[in-house]
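What follows is a single structure, and I will ask about it in a moment.
Per-chain residue numbering starts at 1, and chain names A, B and C are given in the order in which the chains are listed.
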Amino acid sequence: MKKPVTIKNILIFAILTLTSAFFLIPLAWVLASSLRPAGSLYEYANPLTWKTFFPANITLENYRKIFVDLLFGRAILNSLFVSISTVFFGVLVSSMAGFALAKFRFRGRQLIFVIVLVTFMVPFESIVIPLYVLVRGIGLENSYAALILPGVGNGLGIFLFKQFFEEVPNELLEAARMDRASWFRIYAQILLPLCMPAIATVVVMTFMFQWNSLFWPLVATHSSRFEVVQVAVAANRMSEDTSWANLFSAAIAGSLPPVVVFLFLQKYFIQGISGTGLKT
Amino acid sequence: MFKSRGAAWLFVLPALILLLLFKVWPIGVSFFESVMQTSFSGRRSFVGFENYSYLFKHDPTFWNSVKVTFFYSILVNPLIIIVSLTMALLLNGGHAFTKFFRTVFFLPTAISFSVVAVIFAVVLDPYYGLANSFLKLLGLPGQPFFGSQDQALWCIIWLSVWRSAGYWMMYYLAGLQNIPKTIYEAAEIDGANGFQRLFKLTLPLLTRTTSFVLVSNTAFNFLMFAPVYIITRGGPRGSTNLLMYESYTSAFVNSDMGRASAITSILLAIILVFSFIELKITKAKFEY
Amino acid sequence: MKRFIVVLLVLFLAVGMTTAQNLEVLWMGWPKDQVMPLINEFQAKNPGIKIDIQLIPFGQLFQTIEVRLASGGGTPDVYIVDGPNTASYAARKYLLPLDEYFSPAEKNAWFKSSIKTGTYNGQFVSVPYGTSSAGLFFNKAIFEKYGVPFPSEKISGRMTWEEVVDLAKKLTIDIDKDGKPEIWGICIEQIDRPYLLFPLMQSLGAEVLSPDGFETKGYITSDKFVRAASFYGKLFNEWKVSPQGINDSAIAREYFGTGKAAMMLGNEWNIARLSKFTNLQYGLAPFPYFAGGVPVTPTGSWHVGINPKTANKEAAIAFVKYMTGKDAVMKWYKLNGIAPARPDVYAALPADFSNPMWQLFLHEMNNTAVARPDTPGYSQYELILRETFNAIHYGADPKKSLEDAAARIDRELKRFK
């Protein structure tokens, strides 16, 4: 279908450009500053010149410094491993639980739903000490498991899947049951493919949650081989100084993998659901 | 609804075990802390609701935090929803530029709140920051931003919107994709125009997504404290002293786990109340 | 039989030597390339000890220490201690008493004020690692441009605060008359921290805490304390010679380094860290005092402590002695630039420390330095005072703010009695 260039499109484009400016400007400045030789922080912020966003001497020295001297690459790999593992198990576990809560009537259903809700309304900081004692008690301290497992059970993910599954007509499932399909087959072959946007959402949500975690990795692991990306970024703020160039380049470098994940998953947001059985 | 109890429990068990172990148990311990007081030498004593009653009756800082937190929440939540919904609506089409803009709006989410706070502190520097340079360019006076009692909380709201809107936009995009195109085609045939389609079709059909976004966003924002910790430390003069920041300092600076846990329990109660109200209001009534 | 025992002994020793001890160290998040050379050197010299070091970003350092220690385990074995927090950790039995491992002769190696900070209830519990001092940096170019003579860089020429304000007024310049000075007279590196502000009060003779360490009423609410706090508030609100809202010392340094402030009240680490501003020509004047009062300078920095529950006591002590020993501290200074807590390092590096600025700081450390007060409730005491100073610098009434603060602090400190 050809998209005509209408006034509406131009208006949309204008609004988007203005809003993007709001979002982009701080980022562009951070990016430009990370590509400049490490120097003064405000030199190009004030006054405003074209050099503010387009550095006169572009250099990759700051990136070299964090990857070579400060082992930033290791932090990225650690975070990738932890995030992807949590996503894999998290989607599995949350979708199964969401299915149960959406489609089955059983004793304890309401209580479990309340538990699910409460678990994301309590701040991490208030549970960190008992959680650490527990993790240490079951022997998981200083391991990838300590980073992954607490993030697999995710109340928000379960809530999201429950919402999506509730919109699937029961007739679909009844038909499959009449064909003598097992519940697991119904879950895996009918429901999961139907909720690709939900899966994509939970993937991004879980991935971001793990990618952004800072305090728990510091508490739960102590060997430097487990260092995660946000710790590596935050380490550029020291007690006596802040290394702005390193901080900015680390922030930018550390934000790229999630953006790649998001870009990759975007097509699941474009996919329509026409003709997949939701017609009444 | 189906009645196969055995299957239901099998499906829900892995999540339940994980949640009970890694969330419910620590939450229980934390509640327990809120009715105890630990003296410095380690003596623990049960004090009933004394921590709570102290907060309510003798602690003006607590009440100031409640005021600030409510003010913040009532402003930031609708703002984020409106911004993210608008962005999702604008970027739902197959236009050539949508992928680029979606990524741009999403990018801030990939930076941790702490680093976003540092960036904003620098960009909104009262004298030499980027924001004031732009204002100067437009001939407007420079603003104190985080240095002003009146502006600081708004800056934190702005920071939250900047950082989170792209994230919630993504949920709305998923929700929008869940609406079959056939509905719009039918509406067009019936002669409905753009606005009617938006308010009578799209928005009601997005109710599930909105309820999800609203509830989780409410929780997120009640539990917000990183920008306060990094930039304003509750100031200027208590104008940004969010409840979670009070709890955080009680726990990690004052080693007063009793007060910290009491505050988070109160926060949980507030969040639950808000969430149930929000769920009731946005109960999806549409089947298509 | 005798041969059998000998063989057994040899085997026993062999096993003991090859089983490496694993030491868990919790450290401040300095850059890896600064810390690891020291760790590697220690491990090379002590093949039986393996160091597992965790570098924690400053913003999360104290919280992580709290979680680890509160959970009651035997780790970390060794951890970094911010000097004034020694009392708090020691009172909660988080620090191993060290008197039996450090002889009085060994303790002489550190500055007296550092040893005092590292001692609680008569027990030596945290080993000094770094220390600090502060002074008044000034931008020579700005002074020259506006025809103001440089302040004296000699101890004998120490300025009074009144004189400093005079200079600051002359050098707060609003070029485009928009109400916002392009150049500020003075900026304060750690704008609201008791560390840098106590010397003002103490210069007037005020005390900042009761001798037993549990009461602030009558001390931070005394006339002298309030007078000094009012002076501080006026810098921002009445004379307007100092910019409000600098929430990071790195930002204050940016202001000074790029010529946006004529003077900066700042720490000794600036000698190393101002070098990145290649166009900056600066001098260092002694920390000011109040006319009729005494010169007082701040001091104190990082210490190192050992977890009393450690399973590797000998290794921990060996590691601590190494890290705080003369050689390692010399290397650490070269890598990082923080002031060493040992006088012998200064003597051993004349090339670095014979310059007049360091000599000035050394004089202060030996003569006018006053360590922060000793109290188990230091963190909350400091935080509430910091919030109070912050409010005062934004214009709150000093007397009322300090009275409210005293009430809040004393309630907190009561828990520690």
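Operating definition for what follows: contacts are C-beta pairs under 8 Å (C-beta built on N, C-alpha and C of every residue); 3 or more make two chains touch, one makes a residue touch a chain.
Worth saying up front: this structure is predicted, and the values here are computed from it rather than measured.
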item: Category of the chain touch graph - line, ring, star, complete, other; value: complete
item: Chain located farthest away, centre of chain B as origin (C-alpha); value: C
item: Separation of chain A from chain B, taking each centre as the mean of its C-alpha atoms, in whole Å; value: 15
item: Centroid distance [mean C-alpha coordinates] between chain C and chain A, Å; value: 38
item: Multi-chain contact residues (two or more partners), chain B; value: 114, 118, 122, 125, 127-128, 251-252
item: Two or more partner chains touched - positions in chain C; value: 59, 63, 70, 248, 251, 254, 260
item: Residues of chain A engaged with two or more neighbouring chains; value: 41-42, 128-129, 214, 234, 237, 242, 244
item: Chain C residues within the chain B interface of the complex; value: 59, 62-63, 66, 70, 88, 91-93, 178-180, 243-245, 247-248, 251, 254-255, 260, 376-377, 379-380, 383, 386-387, 390-391, 394, 396, 408, 412, 415-416
item: Touching residues (chain side chain C, partner chain A) in the complex; value: 24, 26, 28-33, 52-61, 63-64, 67-68, 70-73, 75-76, 248-251, 253-254, 257-258, 260, 267, 269, 273, 276-277, 338
item: Touching residues (chain side chain A, partner chain B) in the complex; value: 3, 9, 12-13, 15-16, 19-20, 22-27, 29-30, 41-42, 45-48, 52, 92-94, 96-97, 99-101, 103-107, 109, 112, 115-123, 125-131, 134, 149-150, 152-153, 155-156, 158-160, 163-164, 166-167, 170, 173, 183, 187, 197-198, 200-201, 204, 208, 211-212, 214, 230, 233-234, 237, 242, 244, 247, 251, 254-259, 262-263, 266, 269-274, 278-280
item: Partner chain C, residues of chain A touching it in the complex; value: 38-43, 69-71, 128-129, 132-133, 136, 214-215, 218-219, 222-224, 231, 234-244
item: Chain B to chain C touching residues, read off their complex; value: 39-42, 61, 114, 118, 121-122, 125-128, 141-142, 144, 146-147, 149, 229-238, 249, 251-256
